[in-house]
Structure formats: structure tokens, C-alpha cells
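Common to both upcoming complexes is chain A, partnered first by chain B, then by chain C.
Moving on, here comes the complex of A and B:
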């Protein structure tokens, strides 16, 4: 019996980890599509909720999030999510190139990105 | 109602740091997912500011924060904020606008106007602190039509007016200083400035009629004599050598001969009929007046000289008889001399047959002679002896 629970908990953990490494799809409203790890997608609070199988959302089944923004804006969101998820886990001794990330936001779309970032809780 | 399984909970973190994150990490809170979400949402709402200390997120700023930074840096390029961005999102951008830009954005997004008075108030006190503090206090809450926005523009105009006043005052001061300097500088002109003062008191201006040559020379001669009397450097002179006649007989520089010297003239003058020289009239007219400088011509004369020509007018005049007795043999000379020298200054002469005069030329009124004879003996380069 003990071994069973152990195995169950181990599987549960494995499932969780493997789930984290699953690919999920993020679509823009003008036909662009981005594949990211679930872990990355969960940088956004909204997306994490959408993809959560325990939530009542259809996206949890399809593993596809649709962002109501143009492709260029969506791409910037994905870029930021990758940036953040990577540097979130880095040690305290390392420098985080925040300025670089900031420079990668062109002023022409900054207001749209701002609006989207606010909506997606990132 | 969102239901989130506890095991997923630790993955969800507020994207920016705040004190609420501490609550989220609490094990207790983990069992209250709804509460946690509310806290997370609230934390998200509140802090789009730079992240503070937290386990993972403190060092990675939120995308909202980065976007605000970029937009604020380019605030002047923004034409409109649209209708979807809420005030708290764009507040950092509005704070970085100029007053004109702020007005434009307000008009484009009227929903922001309810929150902008604070920004206007900050602007008033930052830009026009002195005047603003005079008129208003920061804790004011003015109502329409007065508002911090209106006050800002009122202050702006007041400031412009003050600058103009000060500027014009400085300008006028500078121009006055320039004018004063100009008056004192040297200028080209062809007009004679008015004389500062009249030459001496008592002279009414130009003389009534220009002085004749005769008068001019007389005044000059008297000046020269004064100079000579006052100067001590002139050694005593032998009268004989200085017996000199110039072309114009008035230009004599001899000191006056005191009348106490007895006359020892033994000149025998023979009058020759000659036309009176032009200067004869001057000689005669000068005779009653001049008492001093006429001494030389009558002395040491011989008949061959032109002096003879001077005798004629002298003789033709009525002769005042001098008080001094004179020997008969001298009568002619006396008579001759008197009209000329007013009977008071017969020139002393050392010898009857005087050596030839040193300057026969001037007797003939030879203008050439005066070329070589200096006008004033003081300036003569001949030896003083």
C-alpha cells in the first residue's frame, strides 16, 4: 500500500512536471500563432487561468489561448513572457538585462502593449 | 467563481512586488485560493511601480512598468491615449508632458480629465513656485471655472508680463548708459562748438573794427617789452649795437631810453627834397604816442640815408619847443628829433660819426632784410652781447 501511494504521488508529480513542459499555443487575432511551454504561458495570470484544466474554460482542453491583439503586439507579449519566466529562476548574483527588454519595445506599439499587458496581468 | 487547485497556486505570483506578496506566500493563504486571487489582482492593480523585495519577482519588472517607462520617454510623440487606457495606467506619462501636450491629451481622452487636476497643481508649483505660493495654497480644491488648470495658465501669463517689465527696464538703463557714453566720445564735425567763455571780461566780442596793422604791431611791441622787462636772463646790451631799424619802423625791440641821458647827438642833417615815404605818415603818427622804441632812427644819421626823407614831414609840422635848452648847433637836430620822439628820448649815441648802421636795409624798408632779422630778439640766434 505504501508503495502504491508513493508511486501515485510520484506519478502525480511527474504529471505535473510533464504538464509544465507541455506546449501550448497562443494565437493572435490576425492569424499569427506562437507555441510556448505551459510554464512560460503561466507568466500571464489570465492565460494561466485559461489553460487550467480545473477551470471551466475551453482553452484547457484545446490548449490554445487566443489573444485579441494584432500579431506584432502578441509577439511582444510572448517575448516578455519568455524573458520573465527565464530570469525569474535565476540566482541573485546574475544581472537581469531589463534595459534590453525595455529597448525591445518600440514606441509605436507601446500603448497597445501596455493595454494588453494590463489585461493579461503581466 | 474561479476555483484553483492548491498545487498550482504557488506558480501564480503577482507580477510586481508588493507587501501583499508576502501574504500570498503564506501557507495559510494557499488554502484560500479565492482570497489569494483577489490579493494578487489587487496587487497587480496597485503596483505597476518598480518591483520590491520578493522571492522571485523583485528583480524582474512587470511589462506594465516597462511600457510606462517607454511611453513616458516618448510622451511628446503621443497624440492620443484612446478611451481604453485608465488613468492609473497613464499617470506616469501625463506627469511627463508639458502643459500644451497635457491639454491635447485631455481633449483626446476626456475621461482622464477627472483625475488631471492633481497634475496641474503639481505643474503650478513646480514651474512658478514663487508666484504660485503667493496666490494659492497646495491644499486648495478650486471649483469651476477656477481650477488648477486655469490657474496654471494665469500664472504663465503673469510670469511673461513680469519678464517683459524687467527686460524693458534693463534695456532702457542700458540705452541711457550708451547715450551718456556717446556724448563724451570724440566725433567728426565741421561746426565749431560754441566758445566756452568769452575771452576776457569786458570785451564785448569781436572788436568794432579790425585792428590795423599798425595797432597790431604796437600791441605786440608792448607785449614784447613787458616780457623783456620781466625776464632776468637778458644781459645788458650796448645801445649802439642794438640800434637797428626794421623795415617797418614800429618793430623795434629796444628798451626805452631814459630821458635823463643827455643827448650828445651831433648829426648834421641835410634835408633832401624827396617824396615822403609811405611809412613817413606812420612814423609821424607814431611820434606823438611812442615814447620808447623810436630811439634808433634819429641817431647816427648821415645825410645819405633815407632818414633824411623822414625829416621832411617832420619839418613841415609845427614844432613843439622842448623844455630842455639846446645848443644852437644842435638846433636842427633837436628840431628834427623832437617831432619824432616827443622831445623826451633822444637816443644816446657814442660817436658823432657813428659807424654805419648795422642794418641799412630796413631803413629802406627793404622787406628782404626782415627775412634775416628775427622778429623777437629773444629768439634770435645771434649772440647776446
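Moving on, here comes the complex of A and C:
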């Protein structure tokens, strides 16, 4: 708890940039946990709203987003978020390996991922 | 001398605009002195002595004197001729202020030698115009100095970017180049072949296409004098430096082309890939099939291939929220694959035609409810056959069909005696005759009736008759946009309805405040759950009060969008009585402001105790309520739509 408040006050004084580099936690519903940068988590519209300090949601205080999906599905979501946040900033001339990302989604879970992606606005 | 604070006025962009004014000025020119009303710009230019002739003259002087360096527009005159003081104005230093003459300068008067002492203030502004040099004391510069400066210019130009205003004159881009009249000299050349006296040596010479304009104007130079002044008419224009193609120079904002596909899109592509391999997709039943259908409909990605994901012979219910991409044959396969459907809903089924609809008729024997949005290709005989083939039909809800005519209506009523739900919304052929047919269904039949948005309103009397025939059993009624309906429809027609829960009377412009109020005060029907009375600008506080008194305790959805003048007290009444409200639309009710919203959300203070308030409110639409600010109180779980100051975030 102390660590949390400490972190809070520290980040309250921090700049926008250092906020972007903060770690946030994404939990699945079966006990798996993923730590990512805030910038990565914000590729998801729903999560960006959850973590927004002006939004008034509890997740903004705890910096933990709970995804109501199995671990394996959550992991795919996180993978996509990393992929997207990295390639968002790349220049117009660079090739984006979309096909590779697509191949990394196994068909066995694709429907669950589809629904989760739709819910999380990514 | 008028100081020009508004420097950008002199930019080429303005001149580009002014160019449009030029032709009329020129044609009107010298014959008469009639001056019509002018814009501020033309007034200003006229006052300052800038006329089309001067501009064109400068342009004409520029042209023959171009070398690969001097890409600058008329404002920069870096030619090496010494034809006269007004033409050569090399800058004193490359880095110090570029005292422009012409468009970049404050030097508005048509002077040819007056140095401008007070130009330091324009330093920064002059900096923008890199290519527009003009010293105050040009006459004092020697040729050597000129050459030196020119070398500096070259260097500067080599690395600096061009001032955009200069470019505008030079390029051939049809969007931004000068009009054609500017390229030729201000005074039109005498016809080729005629005789002219040289402006300098007074000798007579024949005008050719190479004849140069004299500098200073007016006049034309004979070939000899032209050559002497350094302008060689025959010299081939130096190969122009390779310029960016006009297409590139135009500032077009490119949208990011290689957009990252969303995860949803990627998943849908994968689904399409694996569509044949059902086992690999896992057990779909476990997931919410409807949710998947909605996710796919959101971006219109339902195609004939991935629609197969939803087909199953055991399906009894099928809903497609966007069947735009389903072709006629795809719809046929839909029927083949789901023969046991009892309920089918297809939104945006524009490709449904007679051929595929035939299968609907023959191969869906268990169908009890059909809901179609946009089946405009299905013809009248098909509708009739459909009715005949489904005597057990309970729900017939179609939206948007110009071909569904009276005969179809008759067939429907004749064969489907058990019809409970009927929607004929936006039907082109809707008329009073239809209402007669519907009336034939008799009392105790219909529970859901939606006849809204006809192309032509039905009459008051016909509607009243219909109500007397079928109104008794209705729980849902929508007659929006039948603009011929009046208060008497309410008082005489709706009085037959005793079980209504949901009522739609939007867009009925003949309803009056008093009429509606009286109706609700005396209505025998129990409280409504849903009321849509939107777009009736005549209705005000009285009507609202009566409505809230009648149905306030049960109302969950209320739409009074467009009730412009409803008073604040009436609005607050919503909060006092409407405890169950979940969705509220008060768009364009001008008296809604932050305090009213507060009263709705938190209740009002009655003797120190907060009473009332809409505790269950989930959706509040305040489109057009400009007194609702961003400081409007919000509540967790409430979605607020339409606050004017809200900016779209992404």
C-alpha cells in the first residue's frame, strides 16, 4: 500500500512521458498476469479508459486491468498490443509484418480472441 | 504612410485570391469610370497603388531574365541587368533582412528609389521571404557588389528552402499558378507583324513574338535595344532546374496508408481462412454466437464465406445485423443450411431478390417470425406466395420496401390469420386502404403494430377506424410521421387502446400542447413504459406535465427530442416523477442546463432532504442543448451524449 501511494505521488509529479513508461498489470481470469508499459496498454480503447486517472475508475489507482478471458487469450491480446504500439510509430516506408502477427493466432482460440478484441476496442 | 501590420496580406496566397478579381478589373478597365462596391482587399490594393498592370509588368520582366537560379517570383528581382534601378535589387547581405520590394515588402508605393528607413521592424518577417532581397540603397551598389551578392544568393538558395510565396508564381501546377493573363505582359502586345516605335531609340521595327517589353514600361524595344539591355530574346531559357512535380508540391495531406489492421479484422480473416475446418475453430456454441455476429457486423465484415460460421441445421434463430455482403446465392445457402429456422432477422438484406426469396417461401416451413430491413428487390407476387406458404406466421416485420402493395397486404391478412406482430415501416405504397386490410385482422389479434414513416400519411379517420378495430390488444404502437394525424387521433383513436406499453407519436406536427395534455389526463390506459414523442416542436410544459402524471412512475424510455420550448419546471418534473427512467432524450430542449441535469441525477432538495431523481438513468442525450456544459454533473454508469463542448478523443 505504501509503495502504491509512493508511486502515485511520484508519478503525479512526473511528466507525461514518464507516465507513458510506467508499468501496468494486466490480469487474466485464471491467474495469469502480464506487465506492460502504459503506452502499450493504451492501444486498447477500453484499457486506456480504465487506466485514465481522470476517468474515476478503480483501475487507475491500482494500475491493474482485469481481462475476463483465459490466460492464453489474454496473452494474445497483450501480444497484439505490443505489436501495434511498436509499429504505430514506425515511418511510412517501413514494412509492417502483419501476416506474421496473423499467423501467430491459432484458429483454436480465434473466436475468443475476436470477442475479447471487440470488447477491448482493439 | 500606412504601416502594414498585417504583413501576410502581401503574401502570394492573397494574391492568388486576388487573381480572381483581376480579369474583371482588367476588362472593365479603361472605358468608364464606374466603380461598383469593392471588397476590403481591392480597396486596400487600390489605395496602395498596386494594380494589375504593375504586377503583370513585373511578371513580364521576370520571365525573360530567368536563369536557373532565379526561381523566385516577381518579388525577387535578382537579374543581373542594370536596366534600371527599379529592377535590380540585390540584397545587401544574404543573412540580414531581406528587404523585399514587391509583395514581400512594406514598400507599398510604386516608388523606384525611395529607400525605406524604417524597415528594421520587419526583420523577422522579412526572414521568411528568403528569396526576396531588396536593399534600401540599391543604387549605391556597384556591379561588383551585385555579383558578389548574387553569388551569395546562389549559395543561399542552394541550401535554403524556397519561400512558398515565390513558388506560387512559377510552377505550372494548375491549382496554384498564376492565371494565364499574368504571364503575358500587362499591356497586351501589339499584333505580331505590326510596326512599333522602339521605346529607346525611337526607330520603327516589326513586332515579332520575340519583342521585349521596355523596362521601364511602357513601350517595346526593338531587337537591337533589347539585346543591348542584356535581354536576349533568342537566348534559350536556361534549362529549368528540376523541380518537384506539381503534384508533389501541392500540399496534400496523405492518410497513413499502411494502417495496422485491428485485431478484430485479423481474427475475422483467420476465421474466413479456417471456415471449412469447423473442428479447428472449436466449439462455437460455448461462445455467444450473437456477440460474434455483432462484432462482425460492426465493420461490415460478414461475407458469404464467414457467414457459414453461423449456419447450423439445428438453428432456430438467426440474426444478421448487416447482411450487405451476402449475395443472392449466399442467401440461398443460408436457407439450405438452416432449414429449421423459426425466427429470422436480416438487416440490410439489399441483395435479397425474387430468386433467393423463393427459397424462403418453399424451404423454411417452420418460420414464424421474419424481420427484414431493406428487401426492396422482392416483388409483389413473391410476397403473396410467402404469405400463402406461411399460415402460421406470427411476426411479419419489414422495413423499406417500395414493392409491397395492397394485394400483398390483402394476401397477408387473408392467409396469416394468426399474425401478432406487424411492421410496415417506410413502405412506399402505404395508404388508407392498407389500414382497412389491417383492420380485417380483427380485435385480439395484433399486439405489435408499427406503421411509421410512410411516404404519404394516412388520414385521421382511417387511423381512428383502425384503432377502433385492432387497438384493444395492442401493446406496442408506432404511428410516427403520419403528419396528417391530429389531436382527434389521440382522443378518439387511442382511447380504444387499453393495454399499450409503448407508444410512438413522433413527427406528428399537428398535435397541440393542449390536445396532448388533455389526452393524457383522460386516458384510461395504464402507464406507458416507452414513449417517443420527439420532433413535435409545438409540445411544451403542459403536455409534459400530463405525460409525467400519467406514466411517470413506469416510464423507462422517454424521447422528447425537439420540444424546443418546454419550460424548466416541466423538465424538472421528469426528475420528480420519472423514477424508473433508463433512457432519456431531451435533445434541443433549450431550457435544459446543468442544474436541470443535476436535479435529474441527484434529486431535488425538499426541506433539506433529497427527493426524486432518476436513479436508474443510463443514457442521457442532450444534443442541441447548448446550456449543458462540460461541467455538467456526471454519474458512474451514465452515458452522456451530445454535450457541445465534448471533443472526440480519437
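One rule holds for everything that comes next: the second predicted complex is superposed on the first by the 108 of 122 C-alpha atoms of A that agree within 3 Å, B and C clash if a C-alpha of one lies under 4 Å from a C-alpha of the other, contacts with A are read in each partner's own complex, and residues count from 1 in each chain.
In the analysis below, a residue touches a chain if its C-beta (ideal position, glycine included) is under 8 Å from a C-beta of that chain, and two chains touch if they have at least 3 such contacts.
Just so it is clear, the structure is predicted and the values come from calculations on it, not from any experiment.
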Can A:89 be said to touch chain B (first), chain C (second), both, or neither?
-> first
Which of the two partners, first being chain B and second being chain C, lies in contact with A:105: first, second, both, or neither?
-> both
For A:55, select first, second, both or neither according to whether it touches chain B, chain C, the two together, or no partner.
-> first
Of the partners chain B and chain C, which touch A:75 in the superposed model: first, second, both, neither?
-> neither
First, second, both or neither for A:117, with chain B first and chain C second = both
So, does A:45 touch the first partner chain B, the second partner chain C, both, or neither?
-> both
Once the two structures are superposed, pull the chain A residues common to the chain B and chain C interfaces.
-> 45, 77, 80, 83-84, 87-88, 92, 96, 98, 101-102, 105, 107, 110-111, 113-115, 117-118, 122
Chain A - residues contacting chain C, complex | 45, 56, 77, 80, 83-84, 87-88, 92, 95-96, 98, 101-102, 105, 107-115, 117-118, 122
Chain B-touching residues of chain A, taken from the complex the two chains share = 16, 39, 42-43, 45, 48-49, 52, 54-55, 77, 80, 83-84, 87-89, 92, 96, 98, 101-102, 105, 107, 110-111, 113-115, 117-118, 121-122
Show which residues of chain B lie in contact with chain A when the two form their complex.
-> 2-5, 7-8, 11-12, 15, 40-41, 44, 56-57, 59-64, 66-71, 73-74, 77-78, 81-82, 84-85, 89
Quick one: in the complex, what on chain C touches chain A?
-> 254, 256-258, 260-264, 266-271, 273-274, 277, 280-282, 284, 287-288, 291-292, 294-295, 298, 636, 650
